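Going in written order, the chains are labelled A, B, C and D, and every chain counts its residues from 1.
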């Protein structure tokens, strides 16, 4: 349908995926050391989707993500240090420790939030698209969510409204085959949880290999330009797999060993690395990207661990626009 | 100065703000072509066009989610939830998303939006279309909560709500829509968080809201006939809450009676009582009494609904009981 | 697909439709006289759907309806007197005046309620079907709702769950082309609000002329037997039109005159009456049915207007199973 | 007598009732195969099979709607809402349907169902997974509301909830799941609406719920070191509410302090305070003080979350303030 991405875009995607992978692996180590608090949900294995959209989106386009939002945050070039510090609950965190892993947000980077209630951010993304359309700003809202999210009411309402108003929003279902611990197939009336619902909103079903960054890039570019042309929303189902459990507390043992093994074989980064090299990219360049990613993660950890505990006055700040939380005189 | 219905005051307040500010848009069910099922938005489609005044599907989560997303990205939406009972189908967007976004992001997200809704009983609509749910909103940190009792306040507080940088839930009372009052000409902008002392008296402080204000005033006039002089405070807004005005009055009268349409448990009356029981304890000369709807869903038959909601007679009786 | 209904069924349907029509016309008169309080939503023009299902359902099957539920209540042979008394808010009302027109319920008749929040009763009907399936009772839950209801989240969740668990529930969308005052087509991403969504739940699209009782009867019988056979839910879109406004306060002026006129031409009762006579039913029999319906409505009005105001103690009754509303000791 | 965790007590209570009554079924997300995300339902699928223990899609409205429909037609469902914050996505089914059906139908509809949910903060899950929402439920007429603080109460009150003919919202506290306590052997069935006096003292009455009970007890022991002797009442259930036990204690002590995790406004503490401010006014020797979470969403960082929720130290300070 579209041209394959050019080499700059491909290197960008490789770089983003590498950043995401190394960042999250380190975050997991820090969790094991008791430094990452609360819960966190890793995208290990699913990076190609976030990276491809990161490459396909323009700077002013908006990202709406879920609690599984580290990768999507890094895809918008939010600096790693504040993100890591947020996972550690530090004052120099992206939200000063007030949101944590599940709510990563960086408005200056158009990363409009990570939402922890399944489905809620789909209508919110529709609202951003309404704003873009009203202001003729040319911006597109991209909204990422999981397979399990297709069975909740907000999904249905958001898709319909976006389609009726022909708004510039791209809905991206990352179908990793599982909700928390339950297989999506066991609780869904159709085989393809997103694509088989597209018709309900007058949309074309789009399914893509979510572990192939180039393939995702192609559908992303198509959907973004459709949105920008005023032709309305798209619903993309990107099939992928998470390498680990649902959240940090979950070893993921409910999944058959051979299924896990088969998907580990299809690691989106390993295969992309091999493809780039096979297609002539200099190994030295690849290794340089990897080294830079590692250095960036090291620096982020240093920055994060050097951060102070959030100061006590933060507790009652930021409820209202005046900076405070006072509800009375 | 013109006489206006409470209903027409809604459209006037909105028109004032939409004229001033291009970023104000409206969305809701039947608000555009039909002018609202309560006829509160008549004429706005003609005046501002379909880009700014939008009919939606029956999708409250999408309506409020869209309002939130639009507010985060530069607009100032006014969304309508047709009956306040329907907040229950979109409460997540209100309570978990809109109310919390600024806090969770350490102030990154602006949410200048207004959600209007027809609240309250007295129309024989039964339990699913008659609730007073302003206490639901008050209990959620991050929301401002306004409930006017007069046409003038509708215009002025709606304007204030639209200009406010925070999310405001604006509760219009169904049984007040037909009521009339004088509204000054020209631009009108009120201030959130200022109670109005509607009547001054030395014997007891009666605190009321929305449709309970005229009833409290009626009760006060009956009480005056019996030599009991009440101060009647119209809270107008629950968040911000004008504690000062209430506390000053209680200090003077020594007695507090709250009058609310909320069912008995955990209404805003309980909050006001609790504040006073802590902060004005030594000023109190007797028990604090709440007049509420009993803790039951609202029945639909007129005889029963009238019995359920606080009446002037019940307020009189409870005030006399509070005074001992 | 199925045999046309036999003559007994057809007469039943005619009788039910006639009851519904005369009942609601009288209720409207009483409203004009100030006797019917609150709001009410008439099914004038839509009666064929309720009547056909009334004829197709077994006594133990359950009905779940909306605020527009007079017809569905009468379809279950709930006596007219208590229904009329409920509209008048009397102590001898079906729910003693506590529910009103929007909440008609008669559990002994398996009329499991009229629900006034759009969409809410779809999942509730799924629960009844779950109960039937769990108890192998052979019962079917039939759930009626409007076109506008297809855009709310609960619709989506209910359809999916019913399909996943293959429950005996029949979802009947009465597509009367309008929500309250807004045309369904203007806020829906697809042309057929229910049928075009069936695929999202692995169901076949079923569209039927909702003004033709025989046609509705045929799809009803098919869906009921599918449910009883354990083959899961159905979603039926019955296209119809309401003769009047959305609710008693609404003159319905937002609809084009010629559209209204065309549908009035297609009155389901007038045409059915003509069909029965053309197919050999004795006019005297028809007239007898009509006379009986009129007499029943007269009696219902007499019963209702003779009813007392609900007694004050009802206010604090029936919150809890002990009969009262006490929340404290 | 065996020592059990609060977490395991959930499965024990459910198993006791499912064994006894075939009409009890369970539905919820990840409750069957996975034994619950908090491991509260481990083993029940194996014991009772997939017809009775059912994994659902992520569809809270469908889960609770299905529970309601099943309860209306002869079953006694136990539905799970994974985190109580998610009540916001299905509040209509709870507040407008389940709570009101019996009333609106003049008693025709039976709704013997239980909705369990993991409630409360302390796990660093942030604002959308940490709320205490038992006050949302308390404010809706027609619901019973239970929140145990010990493993024994989990078993006994869960059994009582399952046997109760009315809808019960059963709030399990996330931060208590790992706590342990002695639980008597054999069948255990409690009674809803009975508070427990956990400690007897003459100087002040402290009323607490769920995770605030151990904190209130810790505060009481610190206070005892300073010569102040507190009665600590564990409410256990908000509806029915054991007003008698609270009032008797306040009559004896003259001072009331409530300790709740709810954010400041319109929590259950305000309700208890208001009842006492009316009914026990002349027994009070000083202001009534509520200890609450401030009116903010819960922050995720551990330092901030700890600061937000009432601590033993804060309770001590507030009790001393109440005593003047």
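Note that a residue touches a chain if its C-beta (ideal position, glycine included) is under 8 Å from a C-beta of that chain, and two chains touch if they have at least 3 such contacts.
Note that the structure is a prediction, hence the values are computed from the model and not measured.
Set against the Cα centre of chain A, the chain with the most distant centre is C.
The greater number of contacting C-beta pairs, out of the two interfaces C-D and B-C, is seen for C-D.
If you average the CA atoms of chain A and of chain B, the two centres end up 39 Å from each other. Chain centres here are Cα averages; for chain B and chain D they lie 30 Å apart. Distance between chain B and chain C, defined via averaged C-alpha coordinates, is recorded as 35 Å.
Residues of chain D in contact with at least two other chains: 56-57, 59-61, 85-86, 88-89, 92, 96, 103-104, 126-128, 141-142, 239, 264-265, 294-297, 299-300. Each of residues 98-99, 103, 115, 117, 120, 151-154, 157, 160, 164, 186-188, 314, 319, 325, 327 in chain C touches at least two other chains. For chain C in complex with chain A, the residues that touch the partner chain are 151-157, 159-160, 163-164, 186-190, 196-197, 199-203.
Chain D meets chain A in the complex at residues 29-30, 33-34, 37, 55-61, 85-86, 88-89, 123-129, 264-265, 294-297, 299-304, 307-308.
Those residues of chain D lying in contact with chain C across their complex are 25, 51, 54, 56-57, 59-75, 77, 92-93, 96-97, 101-110, 112, 141-142, 144, 164-166, 193, 239-244, 275. Residue ranges on chain A touching chain B, taken from their complex, read 62, 64, 95-96, 98-99, 103, 105-107, 112-113, 115, 117, 120-132, 134-135, 139, 141, 153-154, 157-158, 160-161, 164-165, 314, 317-323, 325-329. For chain C in complex with chain B, the residues that touch the partner chain are 37-39, 89-90, 93, 97-103, 115-120, 148-149, 151-154, 179-182, 186-188, 254, 309-310, 312, 314-316, 319, 325, 327.
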